[in-house]
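Dropping a structure here in structure tokens format, bear with me for questions.
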Amino acid sequence: MRKLANRFYMGLVFLFLYIPIFVLIANSFNASKSRTVWTGFTFDWYRKLFHNETILKSLLNTLIIALIASVLATLLGTLAAIGIYNMKKFTRNLVINITYLPIINPEIVTGVSLMLLFVALKIELGYVTLILAHVTFCVPYVILNVLPKLRQMDNNLYEAALDLGCTPPMAFRKVVIPEIMPGIMTGFLMSITYSIDDFVISYFTHGATSQTLPITIFSMTRRKVSPEVNALSALLFVAILVIMIIMNVSEMRKLPSDQRRRAAKAEKKGGRA
Amino acid sequence: MTKLRSRLAAGPYMAWMIIFMIVPLLLIAVFAFTTTAPFDRDGNRLEEEEAALIMEEELAEWEENEVPLEERESAVVEKTVFTVQNILEVNKYMPTMLNSIWMALVATVICLVIAYPLAFMISRMHFVSQKMMLMLVMLPMWMNFLLRTYAWMTLLERNGLINRFFGLFGMGPFEMINTQGAVILGMIYNYLPFMILPLYSVMTKIDNTTIEAAQDLGASRLSVMLRVVVPLSVPGITSGITAVFIPSVSTGIISRMLGGGTNMLIGDLIDLQFLGNAYNPNLGSAISLVLMVFILLCMSITNAFDEDKEGGMLL
Amino acid sequence: MMKRIFALALMLITLFAWCIPVSAEDELPDYAADYDWDRLAGQNVVLNVYNWGEYISVDEGEEDAFDTIAEFEALTGIKVNYTNFASNEELYAKLKNGGTAYDIIIPSEYMVARMINEGMLETINMDNIPNMKHMDPGFVGLDHDPDNRYSVAYMWGTVGIIYNTTLVDPEDDVESWDILWNEKYANDILMFSNSRDAFGIALKKLGYSYNTTDERELQEAAAALKEQKLLVQAYVMDEIFDKMGGGEAALAPYYAGDAVTMTAENPDLAYAVPREGTNLFVDSMCIPKGAKNKEAAEIFINFMCEPKVGVYNCYYIGYSTPSATVKEYLDAEVVENPIAYPDQEVLDKAEVYLALPDATTKLIDNLWTEVLGMAGSSPWMVPAMMVGCIAASVGINLWRARKKRLNGE
């Protein structure tokens, strides 16, 4: 009975989370332009989507900017994390505090402040400013993911590598990098995600030639909304679903079998509680 | 030696941090405390009316002599001066701010109420199901939030799907879109995962044996919850609250799409001054500054409850 | 059911008549042969065009569609970057903020005047725009740009009330701005989200001029707008297409040209011009200061003045053309439509927005922020709130420190 109630509750919450997405997907097959009347099934919007240059171009912009910004942010952030790790306590805390700023600051304030900066520096708003802005809000995520890995790392490993004849750069490459790699990867993935999804900061820092997908979607929602947007969101949803399933399956595979067994055992214990 | 050298690795980031994180915020402060005022060519401050009068006379003279625009040189020049007027002006928009804070608070509390049981249930599930459930929670977040909010418009409209559904039973139509409730719903919908995830990550660390021990010692289900689970999940609660409250209080788009611009929030107010229909970057900066300070203060309050946070959290 | 099919058929017929000028197609003159269209081809010239939403003919997959931008690119070899703004004020803010170089903008007359005054526009070399000859003389040398040095008219129109005949009581007088203050339609009214048009309506309702600089009159208008806010469902611009088309609201003031499109798409919608008088606007193509390709911009302006382009744009967006030649080629049905080309009586009563003095613009901006935000309260709340927060923060931290010390003992 209790289990049933739990299931029901979870079902309700997930229904809440997924209803709008199902509406979008259903509408992408709706022959009518109206969002609320169903007049028949069609693939037209998908066909039109691939001929809509504005959408495709902004999608490309989004991907290029996300890729460049996250690579830059990862490089900058990883180096920074190593530097910060070796700092004295006071400076370290100060720098980490400032690093938190873009995360806790409201997006709109970050966006507006960067716009003021770019205008003051007379940098033309466009690709460059978008990339600079995206790196700025992505770096903290890289740093905050790499730092804990550095803390977990056994310092003796690095010393041992030096003792065994490694040059410091070599030791760094062979010992430190592999140790903190998971942190770097998480930081990189988070950066890509945030960069692709960002609207508010891009809104204030984009120029005439550099509309990203969220900005295009925004300007569409302000006019007659074209059902092609629904088709696009359906495609994105499926793509993300596939990526997530692949990631999850591969992660499950990677778990050593005994760990899986242990987890299952712990689970059984929990079931009784 | 190596320590010193590796400390230098942070160099590029430090430069970046100063240019792109600190200087922009200083710029906001500068804009918030300045305004443009008319001066004459000798550098004397003029009264607004005085300047307007001079400019009017100039214009008449130019028109009369048909001076081309390029050669018109006004005796009045605009200069940037220090002022606290913008900050005082922010007071006028206090109801909007309080409204934002109130709505964000309501959304945060509802998120907590919805997310808490859900996170606990997920954390007690089978290991593989846990992974799957987490994926289900995160999946909507990956969709662009404008699209998701837009989908809610379709649902909430007067001729929208929900009203059509109720219409089948002869009920409604209900006024849902362009109300405060719709904006709060948008906030809850968009930021609910931000509440579920930190709660889950704390709860999953609570060992089942701890709960069993409490039960063996005769605690009821409720007191297990209140005296064991809740105290252990405080860090998750505080980070969940901040993760929902901050974006909710500063959002502008949700209120524009679901509130129809009749329920203005701080975010809309700022946007209005920079890229909207009432251009005044000085006032916009002042509002941004107030919002920023308010949020930093809120952060310091929630952090105070979070005892074992790793060093270096703000304030 | 029959009724719906009938309505649909009717809609299709109107749409058909509207969008596809079958007969006109062959008669339309081709692009001027004596103009060197492709002189900038192959030089990788990119033109940044910043226009209103829904303000140019695009290819939506319908038969016989005309894609203005694609045609221009093919003809001239110049690449176009096309983006939208939603109101004059937004355009102004975007340009004033700086950082973006646009080559073509299409503001309304009062904004053109303001931009000329603030030195934000380039002068246009009219030698590059021989198509000015097509222009109706009534649209050359207008008040906002007497020598026509900065702007070339693109479209004109009036403002009126679009209403849903199934939702508005036929007894009620739609030919008055007062209906937008009628409590019967609480939550059924959409309103302009830009300050000038919103204030304009309130001023006209009160019987004042659109161009008043009197602070008391503007304060009164702001009060009226605040009062109206309780009845307004949403403050919108082009969202009106979606909301009025879907029957989400009963009344909305908007531009005549868009009313042409909307009434054609949804037979329930109708349009009325209030008798208190309305606004007559002319949107003009301008080149902002800092444009990178002035000559390419001029070629673009000339292209937009081509009769063929003008005709297609008129069919697509529904606005009224300032070009005498274009008007000749339009179907009689379009030219006789009183929405787009109103009677002299309406035009006589219509008033044009003038550029306002800086102080008045500032006042309107502030008042508009006050109307939209819920302004008005004691001046000490912000400081008080801040002090309260600081006190709470310090208090909690002290309490925590004390607790820690006690625990330590």
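First chain written, first letter: the chains are A, B and C, and each begins at residue 1.
As a working rule, contacts are C-beta pairs under 8 Å (C-beta built on N, C-alpha and C of every residue); 3 or more make two chains touch, one makes a residue touch a chain.
Just so you know, these numbers come straight off a predicted model, no measurement behind them.
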Distance-maximising chain from subunit B - centres being C-alpha averages: C
Nearest-to-centre chain - CA centroid comparison: B
Interface with the most contact pairs, given as the two chains involved: A-B
Subunit B and subunit C, separation of their C-alpha mean positions in angstrom: 29
CA centroid of subunit A to CA centroid of subunit B, Å: 19
Computed distance of Cα centres, subunit C from subunit A, in Å: 36
Residues of subunit C whose C-beta touches two or more other chains: 97, 246
Subunit B: positions in contact with at least two other chains: 157, 159, 274-275, 281, 315
Subunit A: positions in contact with at least two other chains: 35-36, 115, 221, 225
Subunit A partner contacts - residues on subunit C that touch it in the complex: 46, 48, 50, 53-54, 61, 81-84, 86, 97-102, 237-239, 241-242, 245-246
Subunit C residues touching subunit B - in the complex, by the definition given at the top: 87, 89-90, 92-94, 96-97, 116, 119, 187, 193-195, 229, 232-236, 246-248, 357-359, 362, 365-366, 368-370, 372-382, 385-386, 389-390, 392-393, 396-397, 400
Of subunit B, residues touching subunit A in the complex: 2-3, 5-14, 16-17, 19-25, 27-28, 31, 114, 117-118, 121, 124-128, 131-133, 135-140, 142-148, 150-152, 154-155, 157, 159-161, 164, 189, 192-193, 208-209, 211-212, 215, 242, 246-247, 249-250, 252-253, 257, 267, 270-271, 274-275, 281, 284-285, 288, 291-292, 295-296, 299, 311-315
Contact set on subunit B toward subunit C in their complex: 48, 52, 69, 87-88, 90-97, 99, 157-159, 175, 177-178, 259-262, 264, 268-269, 272-281, 283, 290, 293-294, 297-298, 300-301, 304-305, 307, 315
Interface residues, subunit A side, partner subunit C - complex: 34-36, 48, 51, 54, 115, 118-119, 122-126, 129, 207-209, 211, 219, 221-225
